[in-house]
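Note that the chains are named A, B, C and D in the order they appear, and that numbering of residues resets to 1 at the start of each chain.
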């Protein structure tokens, strides 16, 4: 991508016949904004993408944006490279389970969330229901086979807060950045609930952003100003699917947990100590990371300054650090690193997941 | 350090008798400012440090600041932790060379540089002369035994540029950030010249920030508003020194060169694939990294956004990324990562160096 | 505007019949990005606007974007409100000059500028030719009747610099922010040349960003990553036009020159000491300001910190300050304040211009 | 001030005999940091100032810092110039009231505030008691004669929050920026309570940052990481004082209320429509402004973007805008503009106050 409105790489893959527009099921990408409330690179990318798909599919952009989840995380701090992963789905589910499982994918979009429910239990329930719908769509029966659930939630902007107030409702916070954090927390609780990682009784308004021992090991939640409903993408392995792609994940204990990164690649048959070889690098199709500046102000006992910095948002700091770490291991800077990992992976840590080709020869790299 | 003026850790080590103030030869540290022209955390730290040493040594702070190089790099992006390394020197050089070499240290301070010489050949020569003086002071005979040369150069602020103009002189640039880059380039050329890494004929005003094939593999240069002369610290191994500390270095080919990091630790007898063990971590005394956002706008073929970002200075981006990578390998976020590696290590890459204890039991960690 | 892709206000004015799409001649607006190289709010707005106009006019967006200048300045620091002014042109020029002059408008777009010409004399000439074409289109015979010339120039991004290099050409600078400054300087020289404010012999590559005594009192130049050709909008008063709108301008001597603001309004028959009354405020149709952080580092003898700030770009600083000043005088925060006034107005100062209704009752406010 | 540690101007005034160190009662200044939690320019200035005064007075810096309030606001956005106002007090209070009142000054410092009380009712009460002590010290009997109360409050940093937690206490928020806002709110309530502007029954934890109809027209509260107790400076006019200085204040209804600025100067006999004349400018000794980005996201009906900006803190935005406005009126950029005006002046607006010489000839300008 030369800029957030540049879809020429996808246009080319469509022209070549590598990507069939009708098979596009979801997009996960990183754009180069600030990742905050006033990051409009996500809206710009989405508008450009939907206009392109609309031209190819003859379906209005308005309808497409509601049907195809497009989950973007703004902020390519440090070495991170703006890119997007186009997830396609061809053919029908296998009638009989295959001997080995292959990458499976399902999506769902929740109803529109009013601003007053954002970051509260109603938000958790909305996400949980949508995750279960997406699992069903993916033909994944057991929650154990789910390796990554990407959720995109709306947040509360000044304008939406004013609108809610005008309706006589109160929003949980009028601080835009805090609303994004609460929305991510609600999304993580929703995933954990849907996957059976937590019990329903721990889900309360008060637990969000407070009970950090409650978390999902497979949730990745973003929040942004440009959407009004939750968008869900479930990724896992299933014997009802075929193909050479597989997915794996690992929780990261903290921001220095390079061991989790190496172990996750090992799960996919890839050696990454210290770095994935150039040959195996071609097998990597997508790498997803969620991370979070440690709330307690230190990493392994030493003070960090991310939370007290008035100049650079803390999420920008941590994305840059984890981007540097993981890109060092993969040797490729096209990593989806998303900050705001509240309740997503261990407290102070996060999650890493990757999709790789398990056949020998690699194949097409993801569009970028 | 709780803040840039907090020297309580050193105060404690002095009170305990671990550090003897008279033996302090140099300080290298990271403070939590923005690392740019308006980063006053370095001046604040220096003022606090010199006041402390003045109390202990009975020598005026003004004299100390000229005698003891205090090289600070502002900016603790991402996981980086504010900290400082206190380099002490006890006893006299050995009369006869020992069988094995040990960490050797020498310092020098150049005369004050007028603003109009900053970032030009006169600046290169000033640094080269000071590096040779520091090598001599370190009792290092061969340039091959030098592993790390830290230089701190003055830069051109608006005020200094105006003052030069009033004297009828022109400064090389009136852009403060560019002046810092040119000063770093001049410092790197100076080190490379002193160590015989380059020939004198490549040293021209025009080559600075232009001929990126010219570089030193051992120079680490910072530039800041708070000083007016070049401060030099030469670190190497010498058989005229005793003790259990050793230093090693490696050039980094690019911002993803985790292999260089692992190899450098291997030179010191430390296994770091993927991460230094908790036991060996205690042997690490200091880690120094210089790095630079690739000028050509991409890392291994994929676009990065560091150079085109109006919100976050490019040096802040790269420090955060390399800090994440190296701290992931060491498991410790007290890394001196300094941006602005023009002509310091391969173009688009940089340098890593570390000091470690080669005895078994480790010992005191560095003050922080 | 609720966000940079929100054209609903214009959509509504078109639906009501207040604005006829075929009469839209130019747009000048402020979007809420950072105003720097990585400000994509301008591209997002333009894409959204052209899609809207394309739907109404049945003309491809690609053609529209080349025909209708859309000059956006990113950055709504402080009280500034994102908004856009839609300049429409109805009917034909009067055959015989009317007794009084009315607002006149002409536009032009230059050929595409290769990156290696940006910020050099070739760039100046390209702008000057386009300004003269726009004056002709506006039916303004005398340069004295021109009050405001808005120019939007392309700049040099990392990618464009690499492309030029691949063609064997050198660009004037590889620093993106500096390229924007040089482009603005070239634009200002071009306007000054076209309006006879300067002689051709002062136009040299070396004079750009150096000879600050050379300037135009009517040029307002922006530079951005999203365009490849110069876009020109000439605004003046002409007896070949009818209507109740008039335009006036004044140079501002420095960033505190509130007198110039008040005098400019006085030229339009509006009393603004200290603030335009609520009744007269409805007569204001557009206010344009160009300004610049004083290069010499002080304002009326007192040091400012805009140029040495690594956290906030200097242009963002000055836009916020002038926005606060002028909005205080008008009582309305919809001010087009654009930084980067090199050679636009007196050194260290800038330009203010405004369009007002000279009839009593005011009329429609501009879209926002 | 050339930088935050530069006290040479004061040193010079002391050397000349213009300022007698023993008469220094308080300092109010602006330093050039970011004004946020990680702004260390305030600590740096204070350390430098107290070292200077300690040299002159022979009193330890530790004692001076507790005795002489030094209230600094970080952030010189836009045209604002770093400067400090040194308030001196000579002689004894008059036995009999003079015919006209003159500037009166009193200071107080509260006991150290534990982190768990910050931003709560206990904090309000602590401030109110200290304000009454300072009024008494100033020999001002009636609250009506108080025109400006500057309060500096501690805030909650990550470290302090952890320390409170270790003591088994909870802090009101773990978000550092929010803690600064709550501390400012508590300070404003404290002033309003002490001056009888509000009744005790409106003072509750819940009202802070919620009931914005509760405010003081004379409170100016800053909050910073570098102090642990409330520091109070009361300024007013009193017939027990002599001298030619007078103080006045006005509430500002919103960020565009230039009328309040002009009226306040009129109270001091200074004509400022549109700008204070050069002659009268010499009479101005200090200008203080408190301001706040409108919480509701718009100014006079038009959207501003300050609260949704992830790149620039909202307080930095508003300081830049008001600095531009007020410096435009005074013609001098040495304005104390402090953001964070929660409950200080009308909601969405703020306060302006100034000290001027009421004699003809002006006299010494304030140190800078």
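Remarks
We take it that contacts are C-beta pairs under 8 Å (C-beta built on N, C-alpha and C of every residue); 3 or more make two chains touch, one makes a residue touch a chain.
If you're wondering where the values come from, they're calculated on a predicted model, not measured in any experiment.
Annotation: A-D is the more contact-rich of the chain pairs A-D and B-D, by number of C-beta pairs in contact. Comparing the CA-atom centres of all chains against that of chain C, the greatest distance is found for B. Centre to centre, using the average C-alpha position, chain A and chain D are separated by 45 Å.
Centroid to centroid, with C-alpha atoms defining each point, chain B and chain D lie 40 Å apart. Those residues of chain C in touch with two or more other chains are numbered 2, 32, 34, 38, 159, 225, 303, 305, 311, 316. By the touch rule above, chain A contacts chain C in their complex via residues 2-5, 32-33, 38, 40-41, 43-44, 47-48, 51, 159, 225, 311. Of all residues in chain C, those touching chain B in their complex are 34-39, 157-159, 162, 174-178, 225, 295-297, 303, 305, 307-311, 313, 316.
Residues 1-2, 32, 34, 76-83, 255-259, 261-262, 272-275, 298-300, 302-306, 311-312, 316-318, 320-325, 327-329, 331-334, 368 of chain D touch chain C in their complex.
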